[in-house]
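The structures considered in this document are given below.
In the two complexes that follow, chain A is the common piece, with chain B as its partner first and chain C second.
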Partner chain A sequence: MRAPWELALLAAALLVPALGSRFYTFLANDVLIWALFATSLNLLVGYTGLVSFGHAAYFGIGAYTTGLLMKKLSLPFLIAFPAAGVLAGGFALLFGFFCVRLTRIYFAMLTLAFAQIVWAICFKWNEVTGGEQGMPEIPYPSLDWMGRLPLVGGLRTSDHFYLVTVVLVALCLWVLRRVVGSPFGRMLTTIRENAERAEFIGVNVRRYELAAFVLAGAFAGLAGGLFGIFNRGVFPDFAYWTKSSEVLIMTLLGGMGTFYGPALGALALILLNQQIVSYTEYWPFVLGTILIVLLFVFPGGLAGAAGTALRRLRRAA
Partner chain B sequence: MLEVRGVRKSFDGFVAVNDASVSVARGQIAAIIGPNGAGKTTLFNLITGHLRPEAGAVVLEGRDITGLPPHDVCRLGMGRSFQRTNIFPRLTVYQNVQAAFLSHRGRGLDLWSRVDELYRGETEALLASLGLRERAGEVSGFLSHGAQKQLELGIALASEPSLLLLDEPTAGMSVSETRETIRLVERIARERGLTLLFTEHDMEVVFSIAQKITVLHQGRVIAEGAPADVRADAEVRRVYLGERR
Partner chain C sequence: MPDFSFIFAQSISGLTAAMFLFLIAAGLSLIFGVLRVLNFAHGTFYMLGAYAAFQFMQWLGPGRGRFWLAALGAAAAIALLGGLVERFLFRHLYGAEELYQLLFTYALVLVLGDAAKMLWGTQQKSVSAPPELGGKALSLFGATIPYYNLFIILLGPVIALGFWLTLQRTRAGRFIRAAALDRETLGALGVNVDALYTWVFVLASFLGGLGGALISPMRATTPGMDTEIIVEAFVVVVIGGLGSFWGTFFGALIYGQVLSFGILFFPRFSIFAVFALMAAVLILRPWGLLGRPLK
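Our next item is the complex of A and B:
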C-alpha cells in the first residue's frame, strides 16, 4: 500500500461502520471478501493467462476449513484462518499438478472437474461437512478485546468482524500486489504472452504455472475462510460452479489487465445486483446484457475503460 | 561444441528429418540451408528440445542433451530465435529483454523484490548494442517486423548463450533490413565469441558469413563443408541451387 489513494481507500473502508448502518457494513464486508477472491483468480487469468473455471473449489475448501476448525474443534480464528489458506493451497497443489499439464480449454475443463468433485464431497459427506444442509452457526472470532478499544469499543460484533476483514483483505492484497510486481510476477506475464518463448528464456512453464495456481488457491481459501464467518454458515454451493463463474465474471467486468480491476468488478457486480434485484426479478437477464455490452464495448473491463477515459482527458487538458 | 548425430523425426509417417548429422565447432559460424520443407526448422526443434528425436543424439559441449526440455537446454547455454517472430508482444521492449535476464540469473522465483530496476544496466546495455535503446519503453508488439526480429535476438542474447541458433533471422525483411541484421549478428557473434548456427533462405547472406554450410534435402544431409566446396558440389547444384536458377 504505497500510493496515497490506496491508504485513503483503506481509511474509508475502516470508517464504514461509523455510518451506523448495519446494511452498509454488511455490503462492504461482502464486497471486500469477493474482491480478494477475484484478485486471487486474476493471478491466473490476468497475469498467467490461465482461465480457471473451478476457482470456487479453493474458496469452498477455505470456508469449510475455517468453519470446521472454529465450530467443531473450537480452535481460535488465529489458527483457523491461516489454515484455510494452507489447506486450499495444498489442494491447489494436488489438483494443479494435473491441470497445468493441459492447456486452454482442457485446462479450464479440468479445473471445473476438480471443483465439481470438491462440491460433491461437501454435498455428500454428512458427518463432516453437514452435507446438503451445510454447517450453520459458525462462531465469530472472539473479538472481545476490540470492545475495550477506544472509538470502536461500542460497535456490534459484526462491525468488529468487518474491521478484521478490512485489515486482513488489505494485507492479502498488499502481498498479492508485491507478488505481481516481483520477478516471479514478470515471469508469469511472459508465460501469458508467449509460453513457447518463455520456455526458451529458461522458464519451466509448468512449474511456474503450478506455483501461480497454488498461490491463487491459497488466497481464494483465505477469502473463503472469511466468507464462512461473514455468512454465519458454510454451504456446499460455495464450491459450486456458479460461484466459479460469478468470480470469473467479476474479474472480467472489472478488467483483468489491471491489479485492482477484479476488486472493482466485485464492487460493481455486488452493488448492481443489490440495486437491480430491488426493481426486478430478472437479474440474470440484466447481468447477461451487461456482459454482452462489456465484451464488445469495453474488452478491458471497467478498469480498462476508466484508464482509457483518463488518458483521453489528460490529452485533452 | 555441438554434435548432432543421426537424428530422426517423423510426423504421422512423414519423415521430416532422417539420420541427419551436423557438427559445429566452437566459435564457428555455421549455416543449414535447404529448400522449403527440407526439415531445417524440425532439425532446430530437435536440437533445442522442442521435439524429441526418435533416433540419434544431440550433444552440447560433450553433454548428451537428447530429450531434455527446452528450459533446461536453454540453461545449458543455448539460445535461439524463432522463424516466426517470437517475443512477448504486450510487454515493453525493456521488459522483454529484462525478463530473459531475470530468468537466466535465477531470479524467477523471487516473489518479493520489485522487478523494475533489476538488471537495468545489463538490459539497457544490450538494447543499446542492438540499437533499440531509444525504444525501450515501447510496447514490443507495435514495433516493425525488423525491429521485432532484433528484439528477439536481444532476448536470446540475454540468456548469455555460448551457442546461438537463429532460425531464418532475416525472414520477411527488406533488403536493407536484411543487410543491417546480418551485420549486427556478425558483429555480436564476434564481440561475444559466440558459436552461431543459423538457417537462411537468402543464399547471398549464407555465403557471405557462414564458414561452414550443411545442406539438407528431404530430411537428409546431402552435403557439408566450406562454402566453396558446397557451392561446387554436384548434388547440391542439382537439388537446390539449380532449382533457383
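Our next item is the complex of A and C:
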C-alpha cells in the first residue's frame, strides 16, 4: 500500500522540468539534494540517537571529491559520483571509529572537531582545494545521450542534470528506507531506546553505531557530490559548522521520528527561504524565530504536528 | 630559528588572545557546569558586547574614562539580556531533550546575530583604545607590548581569581557549585534554584559581554565574529575539561600558544592544529586535561 504515493511523488518530481521554468527546476533540485543530506543525518540522530554536530564534513568531502575528480582530472560522473560516497564513507569510518567511543555531548564535540579539521584543510590547502576561494566552474556531467532520448531531448543541460538527481536521490532514499526497515535498522532503534539493554542481549553497540555513522557519512557524501555540481562550485563553508546546524535544523523541523520528516523539513525550509528572501534580507532572523516557536509549540516537528492533526481528524470522524 | 625577542613577542600575543578566550569560555563553562547545556548563543553575547561598547562610546561622546564606562555598560547590558533570555525563554526548556535546548541556543544565534546586523549594519565598527593606555607600549626583551595588551594580560588572572574566589568563598558561589552537583537536593534544602539559574546566566553573559567590549579596541567588530569565537571557546573548554574552572583557564593558555606558534611554524595550518588538539584531547581524555569524568 505504501509504494504508490512514493512512485507518484517520483513521477511528479520527474515532471517538474515540463513546467518549463528554470527556477522551479532549480528549487526542486536544491530540495532533493538537501532532502538526501537531511535523511542521511536522520539515520544517526533520529534512528540511532547519536547527535552529530559535524555532518557537514562528509557533505563537504563528497562535494570536493566529485568536484576535484571532474574538474581537475576530467573523470566521468559515473566514477566521480560514487567516489564521493566511498571517500566520505571512508572518512566517516576513520572519524567515527573514535566518535562512537564517546557519548552524548562528547560525541557531539568530537564530530564537531573532526568537521572543523576538514573545513580547515579545505580552507587552507590552496593547491588542491582552491582554499578560501573554493573551486568554481565544476562541469556538468556529460549527458549528451539524454539529448537523443524522446521527450527529454529538447531540455536544457540543467534540466538533464536535474533528472539525473531525481533518479539518484530516489535510489539513495530507497536504499536508506530499506536499511531503516531491515533488522539492522531495527537494532539501531533498539540502541537509541536503550543502549545498555542492547548490550545485555549481546549486541555490539559500538559496531552498529559505527556502521550507522559510515552509512550516514557515505550518503551525505553522495548528496555533497550532487550539490557541488548543482551549485557549479565547491566552497570550504560546505564543511563549516553552521552547515551542520542547518541540516540539523531541517531534520528537526521536519521531525526526526519519521523517515520522510527530514525531507519534508528540507522542502519546507527551502521554499520558505525563497519566499522570505523576496521580502527581507534577514532570513536567519525569520528562521531563528520559526525555530523558537517550533521548539515551544511543536516539539515533534512538522511531520509530528501533521501526524497529531491527522489522528485528531480521524478521531473526530 | 627565530631569535628570542621574536619568540617572546609571539608568546605575549598568544597570552593576550588567551585572556580574551578565557573571558568568553569561562561563561560558557559556567553555564555548562551548572545547566549541562552548551550555549551556542554565548559567542553572540560576546559579539553584542562589542557592538554595545561601540554604541555606548557613540552616546557618551568625547571625554575622559568613557571607554571604561562604555565597556562596563556594555557588559551590564549583555548581562541583562542573558538574564531575560533565561527567565522568559530558556527556563521553559529545562525539561526538554538536550538536542532541543541546543537548537534553542542556536536559534538565538540566528535571531540575535541578525538583529545586530539590522541595528549596526554589515560595515565593521571600531572603537579607539582608552587614551590612558592607547598608543603607548612597553619594550621588554626587545619586544614591543602595547599597554592595552599588558592590561588585558593582567586583567585575565585577576578576573579568574576573583571569579574563583566568588565560587569558593561566597554563599552564592557555594550554591552555584551545589546546583552543578545536585539540583533537586539544593531545591529541597530551600534554595531558590530557579533564581540561581538566572543569576548563573547573568554572570556568564556579563563575562561574555565584557570580553566583547574589551576586544573592540583591538579587533574590528563585524558580523560573523560570533560563530567564529564560539567554536574557539568550545575548543578551550573541551581542552581544559567541560565545566572545570581552572581547566578553562589552562585550556585558554594552551589555545593561545598553539595558535600563536602554529602561525609561526606552520602558517597555513594553525587552525588545523587547534582542532586537531581538540580532537586528540577528546579521544584520549574526553573529560579534558583538568576535568573529571561526568557521571
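Keep in mind that, in the parts below, the second predicted complex is superposed on the first by the 315 of 317 C-alpha atoms of A that agree within 3 Å, B and C clash if a C-alpha of one lies under 4 Å from a C-alpha of the other, contacts with A are read in each partner's own complex, and residues count from 1 in each chain.
Note that in this section a residue touches a chain if its C-beta (ideal position, glycine included) is under 8 Å from a C-beta of that chain, and two chains touch if they have at least 3 such contacts.
This one's a predicted model, so the numbers in the text were calculated from it and none came from an experiment.
A.B. asks: If chain A is used to align the two complexes, do chain B and chain C fit next to each other or clash?
C.D. replies: fit
A.B. asks: Answer with first, second, both or neither: which of chain B and chain C does A:R197 touch in the superposed model?
C.D. replies: Only chain B is touched by A:R197; chain C is not.
A.B. asks: Using the superposition described at the top, determine whether chain B or chain C touches more residues of chain A.
C.D. replies: Higher number of touched chain A residues: C.
A.B. asks: Touch test for A:K124: chain B only (first), chain C only (second), both, or neither?
C.D. replies: second
A.B. asks: Check the residue A:I105 against both partner chains and state whether it touches chain B (first), chain C (second), both, or neither.
C.D. replies: Second partner only.
A.B. asks: Look at A:W241 in the shared chain and tell me whether it touches chain B only, chain C only, both, or neither; answer first, second, both or neither.
C.D. replies: A:W241: touches chain C, not chain B.
A.B. asks: Contacts for A:G288 in the overlay, against chain B (first) and chain C (second): which applies, first, second, both or neither?
C.D. replies: second
A.B. asks: A:L252 contacts which: chain B (first), chain C (second), both, neither?
C.D. replies: second
A.B. asks: What angle, rounded to a multiple of 10°, is defined by the Cα centres of chain B, chain A and chain C, with the middle one as vertex?
C.D. replies: Computed from the C-alpha centres, it is 80 degrees.
A.B. asks: Upon superposition of the two complexes, what minimum C-alpha distance (Å) separates chain B from chain C?
C.D. replies: Across the overlay, chain B reaches chain C at a minimum of 12 Å between C-alpha atoms.
A.B. asks: Any idea which chain B residues touch chain A in the complex?
C.D. replies: Contact set of chain B toward chain A: 48, 50, 69-71, 74-75, 79-80, 82, 86-91, 95, 98-100, 102-104, 107-116, 118, 155-156, 158-159.
A.B. asks: Report the residues of chain C in contact with chain A in the complex, numbered from low to high.
C.D. replies: 36, 38, 89, 92-93, 96, 98-100, 102-104, 106-111, 113-115, 117-118, 227, 231, 234-235, 238, 242, 268-269, 271-272, 275-276, 278-279, 282-283, 286-287
A.B. asks: In their complex, what parts of chain A are in touch with chain B?
C.D. replies: Spelled out, the residues of chain A in touch with chain B are 178-179, 181-187, 189-190, 193-194, 196-205, 208, 211.
A.B. asks: Can you tell me which positions in chain A touch chain C when the two form their complex?
C.D. replies: Residue list for chain A touching chain C: 45, 51, 98, 101-102, 104-106, 109-110, 112-114, 116-117, 120-121, 123-125, 241-242, 245, 248-249, 252, 282, 284-285, 287-289, 291-292, 295-296, 299.
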